[in-house]
Amino acid sequence: MAILKLDQVTKRFGGLVALKDFNANLEEGEIVGLIGPNGAGKTTAFNVITGVYKPEQGRVTFNSRDITMLKAHPRTAMGICRTFQNIRLFDQMTVLENILVAMHIRLKKSIFSVVAGSPGYQKREKEMKEEAFELLRYVNLDHLADERAPNLPYGQQRRLEIGRALATNPKLLLLDEPAAGMNPQETAELMEFINKIQGEFKLTIFIIEHQMMVVMGICKRILVLDYGLTIAQGTPKEIQNNPKVIEAYLGVKDSA
Amino acid sequence: MTLTHFFQHLANAVYLGSLYALIAIGYTMVYGILRLINFAHGELLIVGAFIAYYGILIFHLPWWLSFIIAIALGALVGMSLERVAYRPLRERGAPRISLLVSAIGASFFLQNLGLVIIGGRHKSFYRPPFFAQTLQLGDVTVMNFLFILPIITIIILGIVFLLVYRSKTGMAMRALAKDYPTARLMGININRIIAYTFALGSALAAIGGIMYALRYPAIHPLAGVLPGLKCFIAAVVGGIGNVPGAVLGGFILGMLEIMGIAFFPHLAGYRDAIAFIVLIIILSFKPTGLLGEQVVEKV
Amino acid sequence: MTKQRKLILLVGALIVSSFLIYANFFFDPYVLRILNLIAIYMSAALGLSLINGFTGQFSLGIAGFMAVGGYAASLLTLPISVKESIFFIRPLIWPFNSLELPFIVGILFAAVMTAIFSFLIGFPVLRLRGDYLAIATLGFSEVIRVVSTNTITITNGALGLKGIPAFTNIWWSFGFAGFSLFVIWRLINSSYGRAFKAIRDNEMAAEAMGIALFKNKLLAFVIGSTLAGIAGALLAHLLTAIDPAMFRFFLTFNVLLMIVLGGMGSITGAVLGATIVTFLFEFLRYLDSPMEWGFITIPGAPGLRMVIFSTLLIIMILFRRQGLMGDRELSLAWIEKSFSRIFHRRGGGNGNS
């Protein structure tokens, strides 16, 4: 069954059509890649799915519920979470706190009981901290729990961002260029990591990535965008041999 | 209300509108480039008015010379303000809120320095006969300056347009307002352009201050606070960063303030609240102002 | 909480309260008044710090909410006879004209009224960001002031309220400062506090993590403004007279200076800032009034004090933007660490130092 369905989604900025008649179907448990040259509309697609932008036309359905006009934060509650192309951590907070923020959505305690320090809240806070530590151990950052997020090296910041997204208990995870700026070894580790979390958290993953090694390595299916239009989709093998894709990436071949 | 009264009010409204427009242009230019509410802009009005006042009173200068000197010195004060209170923060890449705090500090500094030097008593601004002469139009009696200011505003508007849209510096200013890092990469001397913008905006503030003093001749160091705030609101209502928007906003506020009170005299006590209420309404429905462009945040 | 921490807290509370008891009986009224002011501004500064510092919503409307609190409480506590004598232009409206209630009721009413006002004002303005928000909150604060100048049958207009009973004493002011400290401390270190700070640090990421931006901003705004409103009520019952001019932007400026000086985003900073600024404000009072030194009389320069204060603000923001404390806190852990360091040094023996 499709967990996420985008139906003829169009998003414009002024005169610029960032995304046109975009269709996508993500089956539960799939890892799907979204590729295309810079400015092709990939991040716009993510923003439409997560509710940062509302599309002018089309429908976004998640778990058979129409979420096209829903705000961003209830979508997170429903199980959609993301990372950002340019890392967006909470800079004045520690690594542990970054994770805890993402659990606030599941707190379900009134502000009065929190300020009064009710036993229920204290128990919940303790559970949250334990869960956050477990998650930090899982992403191998537990030894840095009290470090401020910006003090982490780049690769660990990326990992923390993924960990933070996992803390919201997502069903669908959107990764926006997770391998950007990584060396081949880090990239290989990342691929393994993505495969691992997909299995253990029973995630559906939608991933934007420029490093073809990643996309070809972990995605079963790939969508290709160019100038807001979907120019191809299929298995990695099909995409690699698709003349349209080659053209979009390398420019028009001179046939003369 | 008789027709005579109506026209009398209308003349007042046009005057106040052009006054606000004039000052709002300065605000909008500075904001357009620095993304900074120059809280001290209102104080620059009063600086201009007082320099003109003392030029006539102490140095016995002819009024026009005193006015010109006041405008020039006003520009200088504005540039120094930028140099001391804003530039260091900008160069260190401080968040915008820090600049705002610095601007609030600068505003209070100038106000209270004025109190220390000049004292809190109202001074009576000299009205040159040329401005004070009355004009009889049918039943409506108006003073000359009521006509002069809108004309000056139009002329200045023309000059500002030429400077911003036709000169090389103006092009640099617009580039800076649009895209800071790219403008820098293109070899634009940012500090020079910002200083220039401040000089221009502050000169406009000084002109506005003199015009304000001609209309409301009782001046004192804190007199710039309220018109300063209102003109900022005018700039926001019109769409900050947008020169025609500032003019539009200025006229809207001026009209509402005069005509609103003219039609509902029992609300006279609320006159100073009108601008804020307009601001809140406009921002609720069109957060970027009437003519402002929508800014999309890059994710 | 460990035993050691409980001990530190207990000792701290004992020291503070014995100082206050001593002060209450032996300090002269002028010094007591300054102490009261420090405590009241502490609460207001903590309120503003929650909004501006921790949630990152730069509000300039604190004076307006202090006015609401001051008027609301005074209207209930003013003796009926005083009400009849000060409202001589037009009488006070019902039901205030026939009420004379205890201080605690006045304070609760102040809290409810500021909460309602801040909710109604926060609703439109918190959709704005950064400097737009600043100017809109400033606008509302000014509107409150203009309205209070004009609603003569409630506020007595520009004449203000006089003869407010001097209910505020050291127990009330420090009691409430302690309460504010407790509330903000608990809040900031809770899941809600993390949500507020997340909004400050990165609004878009916070929303992507499921934080309801508007709801949480409004929450912080209402709580912070309500603390300031109660501070306004205490202020009114300390000074025994209020008028609209008291609640100009000037008042907001002072509270802003406190949190900028102390460090936006630090509770310790707000407390420190409130203490320093209030103290300096009184200490420098002589600058504004004439002085006589033997034969020489220096004429006072009204405004000189504010020149110094605004210079202080600019210098602070230019050279130490993060304030005295930054976003650090004087925490129990820190106290423990310094204590154990001292003991280790003294104890020698067991350490390899």
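Going by the order they are written in, the chains are A, B and C; count residues from 1 in each one.
We adopt the following convention: contacts are C-beta pairs under 8 Å (C-beta built on N, C-alpha and C of every residue); 3 or more make two chains touch, one makes a residue touch a chain.
All figures in this text were calculated on a predicted structure; none of them were measured in a lab.
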Relative to chain B, chain with the most remote C-alpha centre: A
Leader among chain pairs (count of C-beta contacts): B-C
Chain A and chain C: spacing of chain centres that average the CA atoms, whole Å: 42
Centroid spacing, where centroids are CA-atom means, of chain A and chain B in whole angstrom: 47
Centre-to-centre distance between chain C and chain B (centres being mean Cα positions), rounded to whole Å: 33
Where chain A touches two or more other chains at once, by residue number: 52, 84
Touching two or more other chains - residue numbers and ranges from chain C: 204
Shared interface positions of chain B, touching two or more other chains: 299
Chain A - residues contacting chain C, complex: 50, 52, 71-73, 76-77, 81-82, 84, 88-93, 97, 100-105, 107, 109, 111, 114-115, 117, 121, 125, 128, 164-165, 167-168
For the chain C and chain B complex, residues of the former touching the latter: 58, 60, 124-125, 127-128, 130-132, 134-136, 138-140, 142-143, 146-147, 149-150, 204, 249-250, 253, 256, 260, 301-307, 309-311, 313-314, 317-318, 321
Sites on chain B touched by chain C in the complex: 35-37, 85, 88-89, 94, 96-98, 100-102, 104-109, 111-116, 119-120, 221, 225, 229, 232-233, 236, 269-270, 272-273, 275-277, 279-280, 283-284, 287, 297, 299
Chain A-facing residues of chain C, complex: 183, 186-187, 190-192, 194-195, 197-198, 200-202, 204-213, 219, 265, 327
